[in-house]
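Several structures are given next for inspection.
There are two complexes below, and they share chain A, which is joined by chain B in the first and by chain C in the second.
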Partner chain A sequence: MSKVKTHKVIGFRSTRLAIIFFVFILLLSMKFGPYNQFQLANIATLLIAVLSITLLTGASGQISLGQGAIMAVGGYSAALLVTRLEISMWLAFVLAIFVSALFGLFLGLAAARLSGPYLAGTTLVMALAIPSIAIRFDSFFSGDIGFSVDYGYPPDWLTNLLGEITIEEWSLYVALPFAALSLFAVLNLSNTRSGRTWRAVRDNEVAASLAGINIARTKIIVFVCSSALAGLAGAIYGFRGLVAPSVYPTDLSLLLLTAAVIGGLRSIGGAIFGTFVIVFLPDVIERVTKFLELPETISIYLPALMIGLLLLLTVILNPRGSAGALEHIRHRHKH
Partner chain B sequence: MNSFLTAFFAGTSQGAIYALVSLGLVLVWRGAGVVNFAQMGQAMFTTYIASQLIQNEYSYWSAFVIALISGALLGALVDLGIMRPLSSRKNSQLLNSQSMRTTVPVIASLGILGVLKALAGIFWAGEERGFPAPVPTTGLRLGNSDLAITGFDLFVIGVVFLALVLTTIFFTRTGMGLAMRASALNPEVTRLSGIRVGSVRTLSWAISGTASSLAGLLVTPKTNLSPNTLDLLLIIGFTAAVVGGLTSLAGSVLGGFILGYVIAFVNVYSAPENVFLAILIFLLLALFLRPQGILGSKEVRRV
Partner chain C sequence: MNLRKPLILTVVASALVGSLVMNGISATAASVPGVSKSQIVLGMQLPQTGGASPGYNKIDDAARAYFDYVNSKGGVNGRNIKLVVKDDEYKAGRTITTARELINNDKIFAFFGSVGTQTHLSVVKDINRRGIPDLFVNSGYSGFYTDPKKYPNTFGGLGTYTVEAKILGKYLKEKYPDKKIGILWQSDDFGRNALAGLAASGLKFEARKTSASFVAGTHGSIGLGTQIGQLKANGVDIVIIAAVSSATAVAYATAAALAYKPTKWAVISVGADATTFQTILGARGTAPATSAALLAGTITASHAPAAGDADDEYIKAFKKINDDFNNGADKRWDNNVLQGMNIAYLATSALLGVGKKLTRPKLVSYLKKNGSKLSSAAFSPIGYSGTTHEAFTGFWLGEYDASLVLKPIDGTRVVYTTDSANGPVTVSNYKRPAIAADALPRVG
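Let's turn to the complex of A and B:
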């Protein structure tokens, strides 16, 4: 039997990891030009969404193909609050978390009865249907055009502190604290009693219910937490410039799932790795195709092909993802 | 009255196509315990093959037959190359948790879908193209009055009817069909009675591939062909399969027709942009009111 580890509610390890992530990205951004700084901001934003999948699938075994739709819920609620009620962006982000958590509650109520492929299919239908709501009720959600929203200007105290701040830097400074906080929250959550409860439900529902765990309630709570994260990510993602149906396509949901799977569904370090892969892989491929002078038809579809192949290979060779592979190697060294 | 007839005939011919998709999903779910989200990706790919053949001046019918055969081969290939190695891995320690065992094949099928779409984009440039119909797609005329049904609609209904009859004969009158039904009900006992469960499984993937390939050939004259056109069909087929009960073949066909009518009537009496929402609401209603589906049995439902 493995040793039983005990953790304090606010772990030292999770604080450390979140800070390391924050500083690492910040240092990296200083080395980078504007384009890659923007990509780093994308990583920070999408990491929050990938964490929402790691939380949902890795911790509880439920699968959602509709995280992009929940991101849309967060994005639209923040955009509506900012444009209609003219509240500050930060407050809108916080409120977007609450709205999407509420949405997650409803989703969880439905999802608690579903599992496996039923849930996957239902969330996939949702991923298609939610953006179409924006088009259906276009007087309220302004249809295909969507809302033009942005991060605004950095506050004076920050420019006084750091000097001139470019748009790319500012978008990173907006996204990064949220990403570090989400990382901290997810790391802590998985070490608490709830985290262990979720894993028990994931591994064996019957055994978990015999141990006195309320399965339905647990699943709903997981959905609420996961949706809150996805909604936050959606709000930050939309405020890069536009909140519209085209910003949250079905492919986004699948891309996020790919990131979580490549890294390893049960590993938070894996989520970070997977997010880096999905954001930077297209750039790397573009350089290679330019270097090899491949025709355009290939270069357009090559990123999608590589990401699909990566997903497939991960699942076939090592379903635990790259984090699982590392763990495997470490284990072999120990014995 | 005329708009009612339009919706009715459109619903019947579209419903026939949805029935094929839903049948394909249910076949693989019963046979292998996997909901194959790559199914319409496979169909998209084989329809592109047919389109390429027609461009190279093969006749419609030879392209039609080759597309169906490649649908079967592709289905078998997915099982042999990916799903079977995966299921043998599922017994290893790597995936010892219950929920992951159903989750991982779903993820694999999404990977296949992504790869097929990208390949189609690379091979065929990815822009939307038309796909021919063997009969005119204009409305039929009877004497002086226009009918609300096109020749192509009749063709679709006829072909699907023929396919369903053949499937029924296969499952009720042939040994292989009985073996498939047996292994869906109880793989262990079937194996013990000397039937090769593995081959039966691959066969269900192949039949499913053929059915969805046929659906692709029948739907693209109206929707055109691009790597993404058939995604919607998968969503509708899935909903139809759930409505009919994921375990029942007859239920899946019934579910397909129900979805056909629902979508056609929403299209005619409301607006096309309501279709997605209608599908979602219909799916949620079905899951809440009758989770085992119209014809599904409660015990067999693996939820």
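Let's turn to the complex of A and C:
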């Protein structure tokens, strides 16, 4: 970092970038048909979860294979609040952030003592175990059936303002502001003192400790922030139709990690790119297989295969992901 | 992380990825989505890949084969039926996306034959909210059908687990009054519905003694050793299984390994398909003769004729169509193929019944008013009415013989009928209409 930016400058920059993202997705949605509008809503939702990995793994070096489970915590919190206490969805989303953050605090207390593969293993177990809790205590969590929840209908003032709003547009309008706010928060956190502290811990714990940083406390704080984001993503994700164990399977956690790695674990721009890839790549492949008239026995396996291949190629050829590649190209142009 | 320029570049690059898949479908939609002068488009979601796919992944190919046959005979009122299928991998999160794809990109007229309870739960509210007909869901979960005010457009494609369990429970209780009856069940909607049905018939089980449960989907990784061991230790004579086919196979193999031989096995039908049972055990290295010997003697129920009943007129006709029109990877004749064909037959009847001026509300209203009069291969009456959207309200009980053909228990096929609540189990007097020579339904 060549110069220390003032908070005001960082805040201004983060605001500007979050607004650019918001407006850009909105403009893009106007060009798209309903299905791709819904996919943009998926991108906005999953981006929040991928950003939670960028924060946790990219910025502070802690590996989590269980972000999907924290999403489930957020999803169940919001669904329980809406169905049992009948509070508004918006308030439920905000409260889900706090519940997930609290969950992240407990997780962080354990995680502060673990690192590397031990932490990855623990979080993977969490990804496997949390959905089972819903089944074990089914009278409270509604077992496999889960909770049928959705975004409801757009408010009248918005319909009066914009005209008729389709279900897909409404999905996007619900998810996008949260995505932009999350982007703003992560940009801010990364570029201020907290972010520098986290990176110091990531790069060398001993050096960071010598510089006066409380390692355990820092790790816990990152877990809290990351879990808050994952929980929010989980709540929005669940309200697409259902909050149930099958909505948050283990491979959701792995898919999110894949997005973060493809984009570049340490890059926020990479998180956006990676999310676009995991959401849109299966559609691109479907179009190609349709065009090439490939038999169903091949085409149904292609999306998972291609995403896996892309992940492997990224790790082997360019571990810093697409963001790293982009930076490399920029540097080559400069010199 | 100074990412100002890269971030903007990334947003643009990401948008380009998105642009690649921009919806190419023009806005010239017909007045009724999915219906043109020459075509009716139906959409199905089911697991074509993944752990839950074996057996069930044949339903779409079978249904398509029947529709292709109908199309070869001139279609329905001059329109061909096109079936678009999406693989949801049995993951509810994925089902939400594939449903939107079917609605918005493929512009389907109606959902048809969707497989799975949890997966369908994730979209059923949305489908009904949009007024899209949701035909013949391949789930026996009664929650979809017994309150038509909640899901007015959703109609069942199977009998409910509760109805089947009530009929099975009554039989076992009366036939084996002195035997100790136990249950192995998966702790989800399926298992719970079955337990409720058995309880309604007077069969109660004791937790950790005669009742052994497992978390759905864990039988492959964790196995069922503890559960089968528990039933053996408690001297259970008759084991009822309410679980998917792959779990049934694991249960039998585990019992064999533990030298546990209950007097009888009784399996709820969705987990009792003989071909799937043998395929799963075959993949574990069990010879067909051995797996056949394991399953022989098992009691199960069916609303349709036994897949192995070569003399049944519907089976004969459907088998011929399967041979000639099924282009699927595995077209071996079994219960899944029969089910796919039968609901396609039922859909063709309903579409014929509505007539040339086909709309979504007309189809739903037709099924409410006339659905119970539609015929199919089933020996059971269809329950569709203003108060319930359950499909097959009757089952006959059978026992697998040595060649794994399901034969009526005690020699004569008796179809019992009941409801998904506390109504009594009675003998049905429904007479199945004969199939036409051309295997096309006749309506009206």
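Assume the second predicted complex is superposed on the first by the 325 of 335 C-alpha atoms of A that agree within 3 Å, B and C clash if a C-alpha of one lies under 4 Å from a C-alpha of the other, contacts with A are read in each partner's own complex, and residues count from 1 in each chain.
Keep in mind that, in the parts below, contacts are C-beta pairs under 8 Å (C-beta built on N, C-alpha and C of every residue); 3 or more make two chains touch, one makes a residue touch a chain.
The structure displayed is predicted, hence computed values, not measured ones.
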* Asked: With both structures placed on chain A, which of the two partners, chain B or chain C, ends up touching more residues of chain A?
  -> C
* When the two structures are overlaid on chain A, which partner does A:R193 contact: first (chain B), second (chain C), both, or neither? -> neither
* To do: Examine A:I135 and indicate which partner it touches, taking first as chain B and second as chain C; both and neither are also allowed.
  => both
* Check whether A:Y301 is in contact with chain B, with chain C, with both or with neither, and answer first, second, both or neither. => both
* Taking the contacts chain A makes with chain B in one complex and with chain C in the other, which residues are shared? -> 132, 135-136, 297, 300-301, 304
* Inside the complex, what are the residues of chain B that reach chain A? -> 29, 34-35, 37, 82, 85-86, 89, 94-100, 102-104, 106-108, 110-115, 117-119, 121-122, 125-126, 231-232, 235, 238-239, 242, 246, 273-274, 276-277, 279-280, 283-284, 287-288, 291, 302-303
* Structure fact -> Seen from chain A, its contact residues with chain C in the complex are 1, 13, 17, 20-21, 24, 28, 31-36, 38-40, 42, 59, 132, 135-136, 138, 143-146, 148, 150, 167-168, 187, 190-191, 195, 237, 240-242, 244-249, 251-252, 263, 266-270, 272-273, 275-277, 280-281, 283-284, 287, 296-297, 300-301, 304, 322-323, 326-327, 330
* Quick one: in the complex, what on chain A touches chain B? -> 57, 60-63, 65, 110, 113-118, 120-122, 124-126, 128-129, 132-133, 135-136, 201-205, 250, 254, 257-258, 261, 265, 297-298, 300-302, 304-305, 307-309, 311-312, 315-316, 318-320, 324
* **Contact set on chain C toward chain A in their complex** => 1-11, 13-15, 17-23, 25, 48-49, 87, 90-93, 96-97, 100-101, 103-105, 117-119, 121-126, 129-130, 143, 187-189, 192, 215-216, 328-329
